[in-house]
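First chain A sits with chain B, and in the next complex the same chain sits with chain C.
Up next, the complex of A and B:
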């Protein structure tokens, strides 16, 4: 591709800059608010745009005794959920894409129906089921619902289908078993899809609030989202605005790290390029 | 070495033989500042005062361990989930207006006996506190405070408008006088008489409406499934609110944060809002150079109709129904007794006490403005104990009143719709 074709017109550049500024403005505003004292913001929230700035809100977050625990809980739950989703969806995707078995299409359709069922519709029976099994306030209790990932199954199925069947035939001719074919030949080829699915699952699990709110009801089992929310005073948006914004920034730092590390996969996924 | 290992191991395996009670509360987290403090007298903020109280209780009762569960405001989704899972805590902070929702479903234990063990009877509570916790003739919670709407007043602007007498604000005594004062205030100062949080704050209009209906002894909820809000009295009140808005006598389109800032910066005369803002505004009043410096007063809602009244709510300690051992019950009783003895300290948050004895304490009267607002502990009224889903009802009423106040709907239509929608909600109650 020539350098000339990469050049962007000034009008488009201005448009992009304006768009970027609009996108970034709330984030910058949040960051600036987080660096101001609560009392100053209660008098005038526009004070965020002028110094002096302070780290007192971040100090207050870190000094809360349970924050490291909530961070650890979020990491365990998010990583556990991500690993589980990748394993299950890869296996299911391979099965639906490559194996012939009775009711395969019906089963896939059933899985896809899951995409149309909102979490709120199943929250009561799920909560009761977990209560009967004694799973509340436990890591499995926080992770298991996240493993139900119809989108992941669909995504991996489509990816496996896009891989030429000739590869299977060649490997089988060389004496590979079904598992060897899956594990050593096809799975490595799905790494871009795995990365995309993994990043989205991690982000979704990290940001999840609703299920941890009602399943983890003791402070030491809170995830970071629920823990930080519990730290807020009433009328935090007025008398604790700086602290509230610092919490938002703090909670998003791991997400930012994941985004920076996996930027390419996320952009590819958003562009629909992961499934070839 | 073996001995040392055995000693270490025995230390690790040592069990905590204290009686454990699980206390679930909102009010936020402040462990960074008050995590180990037992000095209740110097603690500040709701969270700080409550945390030091609990620390002090544990220090004074070494045989009891209080396990604290801090929940996201207001914590009711979690509490409901805990009930569903069959594992609710021992004591929970709850708004008095919410108690009926749980009590009507048999989820709460009556606390008469437990409180009696701690030497507490219903007679010890203020009238507002009693009204908030007694259901079907039994005490279902220990009231902790009374919160309600007050007129927070910028006395410098009121003086500019000639609405001060002997250092005290002159408040209206009728709807007509309120409009006169407001118009005069605006002409004299160029600023609105009222600052109101009318956006995203359903409590604002509903608090006004309930307050002035209670002042006329109106029966808003004749029974558990009926609201009667489409009445001449309600119409008169909402029309007054509509006139205030239409004539520019109030700030418009402000949410709670914007209204709070507006009052802090002297952009209007009176901010009708709750007891919880006394502390922050008092701090502004003590800060030289600030618009409210030496220019802040706070009074109960003026008596515009009928008798003095205020629609109030309050925080309370409820005890979810579950099996408990005798030592646990004794520990809970001691804990409640300990808190009750320190109800004065809680009133430093700005809330009114739930115990009558605190009202008479010299140190309570010495707190800023408490002498002016203490009457609310007696005049404060709540909805009948049988009214459930008060928060949802408030949301529906607020939508309709807001539509009427801003002119989107005629007042009559809005009240008709409000009554219909609330009655539909109440008809679906189990």
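Up next, the complex of A and C:
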């Protein structure tokens, strides 16, 4: 079915607009609060509804807070995780889809079992393991758990399987090695899948909370999510309301940029999930 | 043999090896390690003493754990049906090619890219009675603020509202994708039969969305049974533990009381709950399918 071209009925439109207002109001409120001076908000937060507005909270973030550091940590961890997932899952996906080796089916089944194991079942023992290895409060420590992405392997295996085998045969006849075949011929064809998996991994890693909360315990190793959690836990003693909300806005900007840039991949990935 | 589906053994392992090794080391090994630790009285610093099933026995007699399980079910039962119905209605209304529909899809999806800490920052200052948006709006009419984050009867619904607001995007997109898969001629046939919109919805649209509907319910149930950040940051599980879900209790046991063995036992019970409940949902659905 193509999308209907008819207009939305008036009754539905009223409902949708009320819903949209409920979606947007908290965001606008946050933005307004972030643009007010802390002392004015201390007296009455309703001051946010009227000018004067100021950028002083944003200056304070850039000048003297750990927020830029947390932003950097989040970027390093998320980009590192995304690169790692794409490499590992592409290699494994190709291997499972195209190569014959002992225990191939068993290993694939073992990986797929991982889809049913929730984080809760492994996160505490993993915390112990990383403590023994001295990996807490380090970038590898923050990234490694994110690299275990059974869904990514499943996704890439399916994608490689959908590529016609004739392509491989032609390349092999031309004398291409196994790795050249993978790297030069097949991998470029999987770019759309890489984009989808990449965006999802990045979003998931950027927004992850549970693992960095227990693995990064010194404030210079916090990711943005953990840093913002620590700010709101003790906001009463330190920063003001406007400053806190400016942090929220500042922290959402990178992810909103990713969302706007990669909307197509996000939507396509959802569509793919629904068809299965 | 030279064929595209061959390759030598070492080549196969070279490609899948790195992932499989990491997977075994960081998922399979901790899984068994956790089961083992749960039979010990263990703290965070490596001290262990084997106690058999003692941790599990304690859990079944622990009133706080019972309360946490009840709270988790309450949250799940509030959130999953509400979310499913709202996102289905949104998808039905927004499944069209107009510009307005496109903008509104973006609006309803936008909240789901935010992290849980931004979600709670935003909602804390929507809900709190002294400075929150709702309190200020009620104040315009001279009404008293509502203590969403401290009234024992309101914390669970408040968490549910914030969670629904946050989670609309994915299920809505799934339903939209599902609607796109329904072939147009079914609707033409329904129109020829002069079926009303209502009949068309119940007899054509909804049955065609069955697969997506199951997927949405199962994914959301598994997610909400593991609800954590919202409760930790917005209500700290309070007042008197009334809004403390299981994962928050696990976190408090491990990192507040350093009772690692006991915390992991609680995590294993949660793992089992998630498995059993999603399996039951799947079984119930596949049974009704066989009946028809």
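Quick note on the criterion: the second predicted complex is superposed on the first by the 190 of 276 C-alpha atoms of A that agree within 3 Å, B and C clash if a C-alpha of one lies under 4 Å from a C-alpha of the other, contacts with A are read in each partner's own complex, and residues count from 1 in each chain.
Here, contacts are C-beta pairs under 8 Å (C-beta built on N, C-alpha and C of every residue); 3 or more make two chains touch, one makes a residue touch a chain.
Everything numeric in this text was worked out from a predicted model, so none of it was measured.
J.: Identify the partner contact of A:117: answer first if only chain B is touched, second if only chain C is, both if each is, neither if none is.
T.: Second partner only.
J.: Does chain B (first) or chain C (second) touch A:215, or do both, or does neither?
T.: In the superposed model, A:215 contacts chain B only, not chain C.
J.: What is the contact status of A:126 with respect to chain B (first) and chain C (second): first, second, both, or neither?
T.: After superposing on A, A:126 lies in contact with chain C but is clear of chain B.
J.: Taking the superposition on A as described, I'd like to know which of chain B and chain C A:75 touches: first, second, both or neither.
T.: neither
J.: With both complexes overlaid on chain A, does A:203 touch chain B (first), chain C (second), both or neither?
T.: It touches chain C, and chain B stays clear.
J.: Taking the superposition on A as described, I'd like to know which of chain B and chain C A:176 touches: first, second, both or neither.
T.: neither
J.: Once the structures are superposed on A, label A:163 by its partner contacts, choosing first (chain B), second (chain C), both or neither.
T.: After superposing on A, A:163 lies clear of both chain B and chain C.
J.: Mind working out whether A:232 is in touch with chain B, chain C, both or neither, as first, second, both or neither?
T.: both
J.: Chain B or chain C: which reaches more residues on chain A?
T.: Looking at chain A, the partner in contact with more of its residues is C.
J.: Report for A:189: first if it touches chain B alone, second if chain C alone, otherwise both or neither.
T.: neither
J.: Using the superposition on chain A as set up above, list the residues of chain A that contact both chain B and chain C.
T.: Common interface on chain A, chain B vs chain C: 45, 124, 127-128, 131, 214, 226, 229, 232-233, 241.
J.: In the complex of these two chains, what residues of chain C are touching chain A?
T.: Residues in contact with chain A: 2-9, 11-16, 18-20, 22-23, 26-31, 33-34, 37, 44, 46, 86, 90, 93-98, 100-101, 104, 106-108, 110-111, 113-118, 120-126, 130-133, 136, 139, 165, 168, 170, 173-184, 187, 211-212, 215, 222, 226, 228-229, 233, 247, 250-251, 254-255, 260, 263-264, 267-268, 270-271, 274-275.
J.: Can you check the complex and tell me which residues of chain A touch chain C?
T.: 1-8, 12-13, 15-16, 19-20, 22-27, 29-30, 33, 41, 45-46, 49, 88-89, 91-92, 94-96, 98-102, 104, 107, 110-111, 114, 116-129, 131-132, 144-145, 147-148, 150, 153, 165, 168-169, 172, 178, 182, 203, 206-207, 209-210, 214, 224-226, 228-229, 232-233, 241, 244-245, 247-248, 251-252, 255-256, 258-259, 263, 266-267, 270-275
J.: Taking the complex as given, what residues does chain B use to touch chain A?
T.: It comes out as residues 26-29, 31-33, 35, 45-47, 68-73, 77-78, 80-82, 84-87, 256-257, 260-261, 264-265, 276, 280, 283-284, 290.
J.: Which of the residues in chain A come into contact with chain B in the complex?
T.: Residues in contact with chain B: 39, 42-45, 59-60, 63-66, 124, 127-128, 130-131, 136, 213-215, 217-219, 226, 229-241.
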